[in-house]
Structure formats: C-alpha cells, structure tokens
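Both complexes shown next keep chain A, but they swap its partner, so chain B is in the first and chain C is in the second.
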Partner chain A sequence: MIALNHFLCRTKTAFGTQALTHLPFDLSGMNARKPFVITDQAARDAGVHLALARACRDTHLALGVVTLTEAGDLETLYHLFVDKGYDSIIALGTGQVVQTAKALNLAVCHGPERLRSPAGPGQIKGPLLPLVYIPTHPETGQDTAGETFFSGHCFVSANLMPDIAVITADTMLGTPRTAVLDSGLSSLATCCETFAFSGNLFARSYAHAVICLVMDTLLPLAQQSDHGELLCQKAGKLQQLPLAKLAHAAAVSGYIQSNLPDLKTRQAGAHITAIHPAPSAALSSGLCMALALVHLLENSKDTCPWLGKLLLPLTDAAHYAGVTGPEQPDASVRVIRELLHALSETLPQGMPKTLDAAGLTSRQISEMSDLLTYVQP
Partner chain B sequence: MTDFMEISPGRHHGKRLYLACMLWFFGRAVQAAARVDDGVKSEFAAMPDNFTFCLGAFPSGPYMVVGKDAHGRVRHLGSSLADRTIHLHLMFKHPALLFRVFAFQENTPVANARNRLYVLGDVPQACAVVRIIDMVQVFLLPRFLAKRAVKRYPAWPLKRRTLIRAQVYARAFAGL
Partner chain C sequence: MVIPDYYEFSSRALIMAGHDALEQIPGLLLSMDAQKPMVITDQGVRRAGLVDILLQALDSRITVKTIQDDVPADSDLKTVHTLAGEYKKYGCNAIIALGGGSVMDTAKGVNILVSASSDNLLAFSGANALTHTLNPLVAVPTTAGTGSEVTRVAVISDTDNLRKLLFTSDFLIPDAAILDPRMTLTLPAPVTAATAMDALSHAVEACLCLGRNPLSTAHAHEAIALISHNLLPVIRQPDHKPGRLALATGAALAGMAFSNSMVGMVHTLGHAAGSVCHAAHGACMAVLLPYGMVYNLHKTQPLLADLLLPMAGADVYARTQPADRAQKAIDWVDRMNQRLHQATAGAHAVCLREIKSQDGKSRVTGHLLPKIAHTALGDGSIFYNPEDLDYDDCLMVLEAAFDGAPLDPSRVKKG
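Presenting the complex of A and B:
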C-alpha cells in the first residue's frame, strides 16, 4: 500500500545573490504596488531598509517603512496601513517584527476584532494580503510557521505563512553566538527528528536539505561569532553568507513545523524550558531541543526506521559509505554528540551536553519519558 | 512605534543610460549579423515572417525590439513597445539583473538558471533568440569578455572570427 503524504508549503523562498531584486516582480504578480514595511530599530540603524529601497529602484513600488520600538502597538499600525492605502506587508526583521506583521495582516483582512479570541486550524478563512518575510538574523523557525501570538492568544493557519521569504546575505546583521546556536540547534533537532521518524517523504527531503545546511555552517559560524548582545550593524563579510544559510535552514524548518506540529523535540524543548529550575541564557530552547533529540534517538534505536540513514546528511557520502549498516544508528548519534561537544568549546562558560548536566533531575527526565521515546505507529 | 517614513525608491539613471546604449548597439548588431552570418541567418530563417521579439527589463525597460518583416529581412525596430505587436517578450525581472548580464557579471544561461528572466511567447523561439544573442555577443566582444558572457566559447573558423566579425561591426556602426 502506498502511504498518502500531505505537505503544504505556500511560501516561495528566494535565496542568494540579488534575491532582493526579484521581489518587485514577485509582488507585482500578486497585484501589490504599495508595500508596508515593518522593521525594528536594529535593522533600521544598520540601514537594511535602504538595501530594500535600492532593490525597488526603477520599479513602480512605493514603500512605507515603520520602525517598531515597543510591542503591541498594533492599533497605530492598523490605522497607518488602512488610511494610506497599503496593499501588502513586508516584515524586515525577525521575531517580534514578523509576529506583528502576521497580526496586522489578520487585523486588516478580518477586522481588528478577530484578534480578541484565539483561532485554531481552519478558523481563519481565505487568503490574507501578500506577506513577505526578509530575515535579519537566523531564528528558530517560528517566523515562517503558520502561527502567530498576539496579546496572549495563539492564531494557527496556513494562511499566516509568508507568501515570499527572501533570504540574502545583504540583510544579515551581526548575530551573537548564543543566538546562532539557538537557531542552528533548533533547526537541527526539528529536522533530525523529522528525517529519522517521519514517514512524510516531502518533509524528509526538506529535512535532509536543512541538516546539510546546518552541518556546513553552524560550527564555523559559532567559532567566528561575537559574544554579547545583538549588534545594530551589518554582519562581517565572512559571516554574512553562513548567517544567511542558517536563516534559510530556520525558514525551511518552519515549513516542516507547520506540517508536522507534533514533533517530540519541540514539545520536549518547551517542557524543559518551563520546568527548569534556573533558566539561563546558556540553556536556550534550541539547546533543550538538541539535548532532547539525543535522548530521543538513543531511546529509539530499535524502533527508529531511518536512524542509520540520518548519517548521510549529518556527514557526507564518503563517510556514510565507510560505515556498515548496523553501525550507522550509533554513528549518527555520535556525530550529534560530537557536534554538541565542539559547540560547547566555542563558549567560554561551556554548555550542558546532556539533560542531567543541564540540571534536570532523573525524576524530571523520567516524567517526560513519553516525549523522549518514539513509539512506532 | 515611533517612526514612519515613505520612500519612493526612484531611478538609477546611470544604469538605465548604459543599458539603453548597450541595447541600441546590440540591436543594430543583431540586424547586421542577420545579413552577413550564416548561423544567425539560419536561426532567423526558422522564425515566421512578421515576427517581432523584444529583450528588456521589467517593469519599464529599457527594451530592444527586433523584427523580421514579410520579406524575411531582419530589422532593429528601436526601443519602444508602443503600437507594435510583440510575439515574444524576453524579460529580465529587474533592470539590475539585465545590467548584470550586459556588464558581463553573469551570462544568460546562469541568469536563466537563477530564475532571473521570464518569457511571454513560444519557448522554441525564445531558445533561438538566446542562441542569436550568444552569437552576437561573441561577434561584438573580445574573447576574455565573451567567455564570461556565453556558456561555452565557440570554436569558429578563421573567416567567421575575423572577416564576418569585421562586417558585423562595420554594419552595426553604419546601421546597415
């Protein structure tokens, strides 16, 4: 019997040199002539909006650029958008910028009262206005997923996914090591779990690409990145392309999250963050997910159908061919452990490499055993 | 939220002028090559009579319009699309992308592979136009530039590389 796979990715991803210059053509294909650009102070200070304006030269687009300085001021944005007749939204940034852009899109298309109560899958009908996502940092996949949080409510719909994601080195800002690790480990955990456990062929092929991107870029980038807070300036020349690749990986992992909402590592990451006695910057959600992934893979060696095959995207064809079939599951887990160890060495204070070392008691770990064990359907 | 501004991105006049000049001379060279070179002649011979194509950039040019009349003569028809039936549009998605091709930073097959251009019209004729563009670029450009402009530099006989190239240049300057 042939299994039926569903996978919906309504976002067109443009990546690479001159990707921004494709945007006016793509917007015109959606009848958008007056985009409303939402950005944050860091991107504004670094002049990223000017790169967007340069890409719109010699076209008919007129941009309205608004800089977010405080969260939740959606009413002002709504009136600006409606009064000045804008017809599409560009989220130039990550995190709060994208969540605000999705909420604004919802408010403009379905009325502001739509935001007063949460909406689950299938409750937001019809297409929304064109939404373009241009990241300035690698994030954790939430920005391209079909969900947004506003005023404590969660809204879930495939229509909330961006229509276009433009990921280019030109818009990447300097990103500290902790944020790089959070993004990379989050994408890696999501996609390793998808590749090893999911029967969805489309999701597995996306996951394969993401794992390759993360394995190529994460460790070199973590070794190069700076400490400290987010920098309000463009990333250095050597870091721009790896950062863009990591942002690309995060965007694609967001597509996977939208299609496979019940991933165990994501639930375990959220659970660990919630129960941890002293959450700290060193224990990001991405790291929690990676630690949970190692447990999940270790506990499911006998039931995991494609754990051995995971070695191929984690390393390369030559290494994969040199490991015999029965040894491949162990080798896959070992590669992930070695990556965590190497990443730990890039941080002066190190980072936990197991859930025990992260401060969780054996009782807490055993309580979440259902999240750390794969049960074959 | 404190800061709001409206930006009219404007125009890049220098690039537009460069592209307009390049397309004007390139159009005349296509007309000249269609008269003296057998390779270009045979590509046009396969096209129907009264066929017109344009090469340009979305959304507002510049453009190069070339047509084949009822007698099979190929003519450069200028840069205006007005009052003409264009059978084949070969358009780059942004003037900056057309500039990359005409500044020899990227060749046409690479631009196509990177999804930089779109075609309105028949694909076989679009392929023929791309082959014509490649041949004319080899005629017009010195070898080191032409190597960057085409996918593979052709091994042409001596006569085609010298005599016919000189004829193409002379006719392009004279507008014959």
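Presenting the complex of A and C:
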C-alpha cells in the first residue's frame, strides 16, 4: 500500500428498470423543484425525454426541456435558465449534452465570466447546482469525470461530477458497433490499468466491478449490434440492457479517471489518436487505449504488482484459482488478447490487435515507451 | 454476473488513507473554508493521547475552537443537543469527529442541528428528511470496524423514551474520512479483534443479503481480503502500521459496501442483543456471523462459496471442491473466532455467554434470549435477510449462539 491514497466519488449511481421513477424522490432530497433538462435531437426524436416526463408526472417537479440544436449557444441557455428560475440541471444524453450541462452549471453558480479562463483542481470552490446525468449511449467515462471542456478551456473540479447518474435500459438509443467497442475498450483499459498498477484500494474495488461488467457484456453486445444502427431510434429490446450495463461501466470508469488522472493508457490513447494518420473514426480512442494496455502489461510483467490478480475480474474465481501464481500474469494478458481477437471478428473489416498492426511505426512506438512501461514508484 | 433489477450505490466521502493522513486535514479544512473546527471525541480517545496526535497534525492555519470529549458509549439525544450549543457558543464552522461509532453518530447529529439552525433533532429522523448540504464534517475513526466514517446513517438514543432514532441521508456522509494507522495503534487486542469482525460481518452480509449489487460486492470482497490477511498479524504485533492501515481500509470498504446493500440477520440479532443487554456490538457480530451464514446457506451457497477466495486465498479455494467451498467459508470464520479467542487469552468471545462487561460479568444471560428475539423482529435489517426469520427462528439461532453450539440444519426453514 502506497503512502497516501485519496478517493472521492460525488456521484450516486442509480441503475436499473426503476431508476427513472426514483429520480423525483432524489431530486426532492436535493431540494430541486424545477429542473432544466438539456438533451439532443437524437434523444428527442426517439422520445426518450417523454420517458423522463412520464417519471416526473404527478410529482412536485416542473420540467423544462431544451434540445441543444434549437437552444443555440451557452449564453442562450444561461439566460433561459436564469430568467425562468430553474434550480437544477438534467443532462439527458452523452458527450456534448453533458459538457454543456457542466459548463452551464459553472456559469450559473460562478457567473458566465468564469468560463473565460481555465480552472485546475481546487480553483472552483463551493457547491454547484444539482446535476443529474442520464446517458443515452455508453460513452468513455468523460461524462461522469470531474471535468468539462468549453471554448477550448478545461475546467477540473470534483464538484463537476454529476450528483446522480441514472442509468437505465429505458433511455438507451441504438448504438453502432464501433461506438460500443470504443466505450467498452476504453472502460476496460482504464480499469485494467487501475487494477493492475494502482495501490489505491478504493479505485481498485470500483475497477474490479467495471472489468466484470465489460467482460460480461462487451463481446455479446458487439456480436448483436448492427454496424450502421441508427442513433435516433431506441435500441432494440435485446440490446437495451447490455447497453445500459456498458454505460454503467463507463460511468464508473469516469469516477476512477477523476481520481487517477495520470493513467498511462488514457494518455497513450490520446497520443496515438493525435499522431495516427488515419481518421479517428477508423481507430477509436478506446481501441488505442486497449492496444496500449496490452503493451503496458507485456512490458511491465516484472514490475506490475497485481497483473496476476487481474485474472480474477477478467475471468472468475474458479478460473483464477485454477491457474498457478507464476502463470497468472501471462494468462491475464492472454484473456485480453483473446477478447480483442473475438471483437475483431465481429467487424467486417476486422480491427488491429497490436500497435504495429494499427499502423504505428517502430519509432513511434519507441517514442512513447514511457507511456507503455510501468516504473515502480 | 447477476445484476439486480434496480440498485443504487453512493459513497460521497473523500477518503484519505495513509501513514500521515492526519496531516492532510488542514489543507482539507481550508479548501472548505472551515478553519474553526470543533473536535468531538470521547474520554477514552483523549486518554489514549489521540487528541494530542490530531492537534499536532493541525497547523497554525486551523484554530480548534473547542474539544468536547463527553460522548458516551451510546450516542444520545441530550449529548447531541449539548454539543450543538457548544458549537454555536464557540463560533465553530466545522466538526472533526475523532472516535468510534458513537462519536461519529454524535457528530452527525450535532451537524444536523447546527447546519439547519434547529433545536429539534427529531424533525430530521427517518429516511431522507434532510434536503440541504450540512456543514463540513471530517471523520477520523479510532477503531477499524463500524465504517461510520463513510456511511449515510446515524443512530442516536432517545434515553427518555427508551428508543433508538435512525437518521439516513446522503447528506450525513462525512465530507472526508481520514484513515491514519496512528489512530488505532493503541487499540487493545480484544477491541481490535471485535471491531475487525464487525467490519467482516458488514462485508459478508453485504455479499449475501438481498440488497447486494456489483459495486457493493466488489468493495466487500476487497474488504474481506484485507481483514482476513491482516487481522491475526496485527493482533500478534499491535504496532504493525501497514496492518493497522489495511484493517482501517478494510473497515471503510466494508462500510461503503453495506451502506449500499444493507445487512441481514447477523445485524438484526446483534442490534437486539446490544439494545437489550448492552453487549458490545463487535463482539455480538463476531459470534453471530457464522450462524447467519449457516442459516442462509441454502439460499446463498454460490455467494458464500465465492467468499472463500478472499478469506482463505487462491490455494485453499482451488484445493476445495466447488460443492464444499461455502461450508469451508463458514468454517473459516469459526476458526478465525477460535484463533482470536486464543490470541487474546480468551477475551474474544466465541459464544454469546462469553461476552462480558468491563467488570467481568456476562452481558448476555439465558433468560434474556426471548426478549432479544422479540426485539429483533422490529429491526429493519430483517427485511434484507435472504431467508425469512420469525420469533422462533431468532430464538433458535440465539440459543445455539449462546452456548456456541452448532445450528441444527433440520430446524432451519427452507423457504
């Protein structure tokens, strides 16, 4: 155990079929009566906002719903929010919807001028208004992390984490297979690195749960998903629950990212995406992270404290205990490689399973060796 | 992985765990604009010198306005009201709770009153009666057991009306939990044993009971591994700082787990025994834990079997036939109690009749068992137990646990 471990997760996770119906009760517990719902066109077209409205019918809540494309820029949202006296924010969607909701929260509580310059940890003091996050797709953990990007600036604060993440099959929209893979592999890489290298037992406990969720869900979901699935329609019945589980994994991986901002796989993913000549859609950030993870684990077998134990969440107790201690590190890496291979089979064009196959030159790989090797502190 | 149809998981305390974690408190209080804390503790903690260690860790930026060390063993309404008055009198703007479960619960009660500017704690009892953030509260546990430093619950006695008031709200979760091994180094072996078994019971019930979910189970398994691997070494070498930190971390993880999954019959019966006989909570948990596991065995066999891995390690797990793993996990807890009994020269009780008061008298007597069973039926945790329990079931388990006799499987209902 290292000298000092910190862990903070401000977000309550509510998962399952009744999660939306519990929301009015939770909002009431935060003294929120007039939530401002921000959503996007896809969620609106699929009628997801109606499920939220139904859950809030006959309660004390007075919802206002805006769709990002019609509401325009943040200034418009800000004036709407202040003029109409809203007291809380519900981000119904992912990505830009959530980043906008976080920025709006900052603007309302600290003044719009707060958004003109970036803010690092500790610079945003005081609580923000209640923020509820209801994803419509599995994403990559950014939505629940304590940070937001707005107008080229980054704002970091644990207070930016949502108060509640409501994750339910009812709000899941159809998600293309590539997006499913991006989310699942991003969560897997974040949490495998956390579990294998971090001495932070609180982060490792969350990571354990995420790895189990991804290993249960990702491959079957990738096999079922349609490559060209429409984003503006509700997910098919069979996909809804696995998508929600993957969104759950992504949300929790965001909690971990907030606490362990220096994860090598995330940095490597961003680096590879930046230097790679192919369009980012062809080589998602999640896939880059997973490929970096394999390198990282392979390069660090002798220094990685818990690589052998990683086999436990990657498989199950019986499998883990059946492999002898010295063989467990190799077995852990093998399970991840096999998963990548099986996922590749689900794509008509396949996908690269190593950084070399992804088109990175030996020089590019060696230049990022510090991101692909763990050095024991 | 089986996921329930619906579940929630929330653990909002900032956790700082480490060998010099206390030294983080000044920066933490400053970040919350809370430079004028009140310290709430008890006389035992003060006599052990822990208040002095805390004060040395605070620097000149922090002004401790008052130190209140009159918290009784069972947190009560009068103490809460008195301390709330002191908080206002000294112009405090934060609380540092330094102690075990009673100190934590008292501090949570005081924080309700001073944050709401109220003098009626009863108005906030029950579930989710709080609707606003409370003043800053930093929890520094001096035992590794209750997990109260990370939970959303406070239990405060209303001694005038002979009842215990339950308060539950996410706002009751302390802003920060500081886990520093210096705070538990002087704990006597029997207290170390009983509080660690309390934490173990939180973790085991979090895995078995009806509110379990993937996040609570992951936290509970990590807690079980930490407690299992470190408890006996710490009993043998009390000043082993890494072991102490591991136990404190295990207790916090177990607290995060059970706070989100709830607990079952081990706590149902333990709460009742504590209420009727004033028996130490940790001692009751240690004795009752294997009985709860046996009682629920037929409904939780695969879950119990999974516990053998964090308890006994991969080698034992692999060597044990799958069908025998659940029973082996129960045997492991039994054996842990026996080894703690030996390591503490008999001070760690292995049956209810062995739980003693400080003057050496038995706390739990045979004629009180029916009253304990009756009281247990009113405990909320009974609803989360995998198997149903009625009065006769409670009495049957208590009678067996009283003498340390095995539970007769043929008398356990198989609902």
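Here is the rule we go by: the second predicted complex is superposed on the first by the 367 of 377 C-alpha atoms of A that agree within 3 Å, B and C clash if a C-alpha of one lies under 4 Å from a C-alpha of the other, contacts with A are read in each partner's own complex, and residues count from 1 in each chain.
Everything below uses one rule, namely that contacts are C-beta pairs under 8 Å (C-beta built on N, C-alpha and C of every residue); 3 or more make two chains touch, one makes a residue touch a chain.
In this text the structure is predicted, and so the values were computed from the model without any measurement.
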Partner chain(s) touched by A:His60 [first = chain B, second = chain C, both, neither]: first
First (chain B), second (chain C), both or neither touched by A:Asn31: second
Touched partner set for A:Gln18, first chain B, second chain C, both or neither: both
Which of chain B and chain C A:Gly325 touches, first, second, both or neither: second
First, second, both or neither for A:Leu80, with chain B first and chain C second: first
Chain B versus chain C as contact partner of A:Leu218, first or second or both or neither: neither
First (chain B), second (chain C), both or neither touched by A:Ala317: second
Partner chain in contact with A:Arg10 - chain B first, chain C second, else both or neither: second
Winner by number of chain A residues touched, once chain B and chain C are compared: C
Which of chain B and chain C A:Cys288 touches, first, second, both or neither: neither
On chain A, positions contacted by chain B and by chain C: 16-18, 22, 25, 28
List of chain A residues in touch with chain B within their complex: 16-18, 21-22, 24-25, 28, 44, 49, 53-70, 73, 76-77, 80, 84
Residue numbers on chain C that touch chain A, as the complex places them: 1, 3-21, 24, 31, 33, 128, 130-133, 169-170, 213-215, 217-219, 221-222, 226, 242, 245-246, 249, 252-253, 256, 306, 309, 314-315, 317-318, 322
Chain A to chain C touching residues, read off their complex: 1-19, 22, 25, 28-31, 122, 125, 127, 158, 201-202, 204-206, 208-209, 212-213, 216, 245, 252, 312, 317-318, 320-322, 325
For the chain B and chain A complex, residues of the former touching the latter: 1-12, 15-16, 57-60, 93-97, 100, 114-116
